[in-house]
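Submitted below is the structure of interest, expressed as C-alpha cells.
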Amino acid sequence: MEYRSLGKSGLQVSALSLGSWLTFGKQITDEVAGQLMEIAYEAGVNFFDNAEIYANGQSEVVMGNLLKEKNWDRSSYIVSSKLFFGSSQAKPNQKGLSRKHIMEGCHAALKRLQLDYVDLLFCHRPDKNTPIEETVWAMNHLIAQGKVLYWGTSEWSASELMEAYLVAEKYHLIGPTMEQPQYNMLVRDKMEKEYLHLFKHYGLGTSIWSPLASGLLSGKYNQRMPTDTRMNTDGLEWLKERTLQEQWIEKTCRLTELAAKTGVSMPVFALAWCLKNPNVSTVILGASKTAQLQENLQAIEAVKQLTEQVLEEVEQILQNKPEQPQF
Amino acid sequence: MEYRSLGKSGLQVSALSLGSWLTFGKQITDEVAGQLMEIAYEAGVNFFDNAEIYANGQSEVVMGNLLKEKNWDRSSYIVSSKLFFGSSQAKPNQKGLSRKHIMEGCHAALKRLQLDYVDLLFCHRPDKNTPIEETVWAMNHLIAQGKVLYWGTSEWSASELMEAYLVAEKYHLIGPTMEQPQYNMLVRDKMEKEYLHLFKHYGLGTSIWSPLASGLLSGKYNQRMPTDTRMNTDGLEWLKERTLQEQWIEKTCRLTELAAKTGVSMPVFALAWCLKNPNVSTVILGASKTAQLQENLQAIEAVKQLTEQVLEEVEQILQNKPEQPQF
Amino acid sequence: MEYRSLGKSGLQVSALSLGSWLTFGKQITDEVAGQLMEIAYEAGVNFFDNAEIYANGQSEVVMGNLLKEKNWDRSSYIVSSKLFFGSSQAKPNQKGLSRKHIMEGCHAALKRLQLDYVDLLFCHRPDKNTPIEETVWAMNHLIAQGKVLYWGTSEWSASELMEAYLVAEKYHLIGPTMEQPQYNMLVRDKMEKEYLHLFKHYGLGTSIWSPLASGLLSGKYNQRMPTDTRMNTDGLEWLKERTLQEQWIEKTCRLTELAAKTGVSMPVFALAWCLKNPNVSTVILGASKTAQLQENLQAIEAVKQLTEQVLEEVEQILQNKPEQPQF
Amino acid sequence: MEYRSLGKSGLQVSALSLGSWLTFGKQITDEVAGQLMEIAYEAGVNFFDNAEIYANGQSEVVMGNLLKEKNWDRSSYIVSSKLFFGSSQAKPNQKGLSRKHIMEGCHAALKRLQLDYVDLLFCHRPDKNTPIEETVWAMNHLIAQGKVLYWGTSEWSASELMEAYLVAEKYHLIGPTMEQPQYNMLVRDKMEKEYLHLFKHYGLGTSIWSPLASGLLSGKYNQRMPTDTRMNTDGLEWLKERTLQEQWIEKTCRLTELAAKTGVSMPVFALAWCLKNPNVSTVILGASKTAQLQENLQAIEAVKQLTEQVLEEVEQILQNKPEQPQF
C-alpha cells in the first residue's frame, strides 16, 4: 500500500480507502462487511469512511461493531463521519451545520461507532443557513475536546472553502484539512481546476468519492444503460440526459479497450487514473463483494502502467480536460 | 409550527416557545406543567425557557423532571437557563456575572435540569461590577466545555451588547447570539429602535418575554385594574402611575374590538402582532392552564390576519411607534 | 486658566474654549471675532472649535485669517473642524462620513483654515449610510498623513461610540478620543448616564456645546420667551412645547436667585456647574460681544462657589438628575 | 438621477455611469468625448470609468484633459482607473498586480488623468503570479497615501474575492469594495449566482460593464450578425459559435418586441433590466454619439416599466436564469 499525506497535515492516509456508503448496513450482510474490512486492512488500507446519513446511521453501527470485533489497534486506522443530512426523519436542529447539530451529531456518530473520537469529521455539504463561523468554531471545539482530530468538508465550492480559511484565520482557529469531492474521469472540474489554488497555497487534502462514476467506469453498463432511478440515487443526476449517457458509455467502451491494452481491467484502470493526480490524498472504494475489492486494490500497482502516452490517449478519448484560467 | 433562525445563528427555534417563569414550581402543579409541555411539544414548540431565579430554581427542577419523564430526543428541543440573580438568599459570589458565578451557576442549573448541557445560557441582566471580558470569557469556556451551545443576554442596552461584541472580537471569542428583551404592544423601543443596528449588522436574535405585558394585553384587566403589587412582580413597574394605567386599559379595550373584527381573541392578536416583527426569533409564552396555552398557540395562524391595514389601525390606537433616529 | 486632559489622551485642553458656531462669519464682524480670540487666548484658552457647516465654511475662513494674523505659535493652541453636513448645497459624496467626504472635507477645511493640520477632527453626527469601519479607517489615514492629531465624534450614542472602539480594536487602529455632546443643566442624560461607562473604561473626553442651553440659562429669557424659530436653529427643538418652556423659565429664575446668592451671574453659574462635572474636558463658549466673553471666562473662578450645599439646592430646583441604571 | 451605495461603502454612485472604454481617445474625437461628459454630468452621472489599457492610456489622457477643462468640483465626481494589462507593449513588471506595477501603474494613471487621486482603483484581472497579499497590501498603501479612496477588482472569481477578504482580515487591512463584472441579459451567472454570498455577507458593490452585450442587446445586430473579429475584441468571446449567435439574435428580436410593448427602445430596456438588480451599484454606459447617450440615460426612468409581469416575460424569452445552489 502507498501512503499519502492528507494535504499539508501530518496524517498519513492509505492511497486507497474503504467507504461504507450504500453497502454497510444496507446492500450487504454484516458478515460480508467484515470480510471487506479484513481484506482492506490486511492490504494496508488505513482509512474507513462513514457518514451519519449512510443507511440512516446503520453503516456506522455495522462498522462500529466490526471495529470492536476486529480489535485492531485504534492508532492503526483512521475513521471518519460526516454531518449535515441528519437522518431521513430529521427535525429542525437535527441536521445542518449549526453548533447544536455538529455537537449532537458528532456524539451520536461516536455512539454508533462505539468510539471515543473520529479521526476525520466532514461537513457533508455547505449549509447556507448557518454562518460559517459557527461551524468552524464547533469543529474546533470538538477538536479541543478530543472528539475529532481533523475536520473537513464535502462538496463545498472553492469560495466556501476559502471562507472557512478566512474565518479560521480571523479567530485563530484550525481550518479545514480535507475536502471530499466527487472525482473521476467524467467529473474533473473541481479537482483539476477549481481547487488548484487551494491545493497549492492552502494545502487542502482530498478523499475522493465515486472514482468509478457510480459504476459507469467499471464498464458494467457498457452493454446496458442504468435506469434513471439508480443514477439519481448514486450522484449521477447530471448524466440523466440520454444523449449524454450514450456518449459516455461509448467513451467507456473505448477506455475499456485501452485498459485491456495496458493489461488492467477497466475499474482498476479508472481508479489508477485517479491515483495519478497528486492532489488526491486517497481514493475511497466501495464494494459489495470481496472479489471486487480485491480487484480494485490492484489499482496501486496499476498506476505505473499509466505512462505519459497512455494518459495522452485517455485525454483523446475523454475530451474533457478542464481549461485552465487565462490569468 | 413555524421555525425561525435565532438571529444569524444556525439554530432553528419555534416561533412560539414555552417559559417556566411564574408558573413551573410555583403557580401550577407539576402535573399541569407536564400537560403544558406535552401540548407545546406536540404543537412543534422546541424551546423551553428557564432561569436560575424562577421560583428560586424550582422551575428548573420541575422542568428537568418532566424532560426526563417525557424522554424526548435531546436534539429535538432547546433548553435555556439564565444567570444573574442567583437565588433569593444569594450571598456574595452567588449572583452576578463573575466567572465564579457563571461557572457555578451553570453547573447548578444543569444539575437542577438533569442535563449535560443547556442550548442557551443568558446573562439575565448586565452586571456593572464585573468586567465584561470576564463574562464573555466565562461563557466561551462553558461553550468550549460543551455545557452551553449559545450564550446571550437579557435586558442589556445596545451599548452593553456592543461592548460584548467588542470584547469577543478583541479576544477572538464567540459573542452573544441572542437577547431576551421585554416586547409587546406597550413596550417597543428596544426592539423597534435601540437594537436595529445590532439586528442588521450583528445578527442578534431575540427571545421576547412578556408579549402580553404581564397579562394587560390579554384583555383580562379591561374591566378591572391590576393591583400595584401584582404589576410590580410582573415587570410592569413602569406602569405604576394610575393615569398611564387607565390610558392603557382604554387602548386595550379598543384593540380587543379590533381583534374581534379580525376574528381572533385579544391575547392571540397581541401575540401575532409580536410575531409580525421579523427581528423576533421566538415569543415566549407563559401559561397556567392548558386551555390558555392551546389558545395562544393559535397566534401562528393568526399572523396572516394582520394585514397592512389592520397593522395601521393598531398604530392608530397605540400611538407609540418609536421614532427612527434622524441620522 | 485651568487645563484638563482630553479624556485619557495626553492632550491638555483649557477648561473653557471658544467656538465659532453662529458667530464667526455670521452674526459678528471679523473685527469682533478677532477681539474675542485675543481675549480668549490671553486668558489662556487654547482650543478654538469649528465645523465645515458653521456659516457654510465661512466661520473657518474667518478663524483661519485671524490665526494667520495673530501669528501665535501653532503649538500653543488647538483647532478643530467637524465633518458631516458638508455645505448647504452638498451633492452626493459632499457630506456624510464616507472616506471620500472625510478626505475631501478635511482638505477643504484645512484650506479654509490655512492650516497644515487640525488638532481635532469630529464626525459631526453618526452616518447610518457609511459602515463605521470606513470612517474609523479614514480618520486613521488622516492621522497617519499628519493632517489630524485626534479624532472624535459629536452627538453619537454610547452604542455608536462603542462600535467605533470595537472597529478600532479589530483593525488595530486609533479609536475616538473625544465626543462633543450638548450638555447643560437642562440636558444631562448623555453626560451623566449614557456615557458613564465610556468615561470610566474607555477614557472618552468631551468638549461640550450649548452649556447655556442656547442662551436660556443665561437668564436673558427670564422675562421674555424666545420665539420658536430661534429655538429651532439653536438646538432647542425638544423645548418647543410651551408648558415645558414655561417650566424651564421658571426654574431659571430660581437658579438666577441662587446664583446671585453665591455671588455670580446666572451664565457664569451655569457654566461653572458644567465645569464641576469631571467628565467635561472643556466647555465651549460662544460669544457675540467681548464683554460677554470676559464675563463667561469667570466661570473658572466661580467653580469654587459651587459647594456641596449649593449643588444640592441646584438639584432641588432642576429635579432632573438622571437615574442610574439599577444593574 | 438615482444614486446607490457602492456596496456597503459610504460612497454614493450614480446608477448610470460613463466609461471611456473603446471610445475616448479611440473611436471618437475629444470634442465628442467632452460633449458626452457634459451630458452625463448634467444628467447627474457622477462616475467616470477608465483603465490603463483603454486605448493604451489615451482614454485617461483625454478624460484628464476634459476634467481639467470642465473644472467641476473634484468632490462632485468619482474617477476610476484599472491596473493589470499595462499597455500593449508592456515589459515584465509593467503589467500584473505586483506592488511594483500597482504603485507605478497608479502613478502613471494619475499623471495621465492629471489628478491627485482616483476614487476607485480596480485590479483589472486576477494575477496568478502575484500573491494576493502583495496586491492587497499595495492597494492599502495607496489608500494610506491618499492616492486611492476605494479599491476593487474586475472579473475575479468569488473564491479570489474571498481570498482578498481573507488576506485583508489577516493583516487588518481594507478589503475590496467593488467588483466590475460583465453583466447583461446574456451573461448572468456571476451576478445572479456566484457573487450572491459576497453581496449578502461581505457587502460587495458592483460597477457592471457590457450591459448591452457589446451591442448585441441594442438590437443593432437583429438584422445582421457581427463579425467574429468584432465580437472578440468586445468581450463576446464565448459567443463565437454560430448556432449560439443565431439563438441570441433571435431572442433579442423577441425582446425588442417586448420592449416596444412597454414603450421603450431595446437598449433602454436592456439597461433598465440591469438596473432592476439591487446588487448592481452602477451600470457603465459607453457611447460614441451624444444621441445614443441621451437615449440610454432614459433607462433610469424606464425601470418602472419593468413590472413583475414584464420581467417574467423576459425570463420566458431568455431561458437562462441561473439555478440557485441546492444547499
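Going in written order, the chains are labelled A, B, C and D, and every chain counts its residues from 1.
Everything that follows uses one rule, which is that contacts are C-beta pairs under 8 Å (C-beta built on N, C-alpha and C of every residue); 3 or more make two chains touch, one makes a residue touch a chain.
This is a predicted model, so every value here is computed, not measured.
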For chain B and chain C, chains touching each: none
Interface composition of copies chain C and chain D: same or different, split at half: different
Chain centre separation (chain A, chain C; CA means) in Å: 66
Chain A and chain B: spacing of chain centres that average the CA atoms, whole Å: 44
Gap in Å, rounded to a whole number, between the CA centres of chain D and chain B: 48
Multi-chain contact sites of chain A, meaning residues that touch two or more partners: 127, 170
Residues of chain C that touch chain D when the two form their complex: 91-94, 96-101, 103-105, 108, 127, 129-131, 134-135, 137, 141, 144-145, 170-172
List of chain B residues in touch with chain C within their complex: 84, 125-128, 155, 157-159, 161-163, 165-166, 169-170, 194, 197, 325, 327
Residue ranges of chain B in contact with chain A within the complex: 3, 5, 8-12, 14, 46, 73-76, 78, 117, 119, 143-146, 149-150, 172, 174, 203
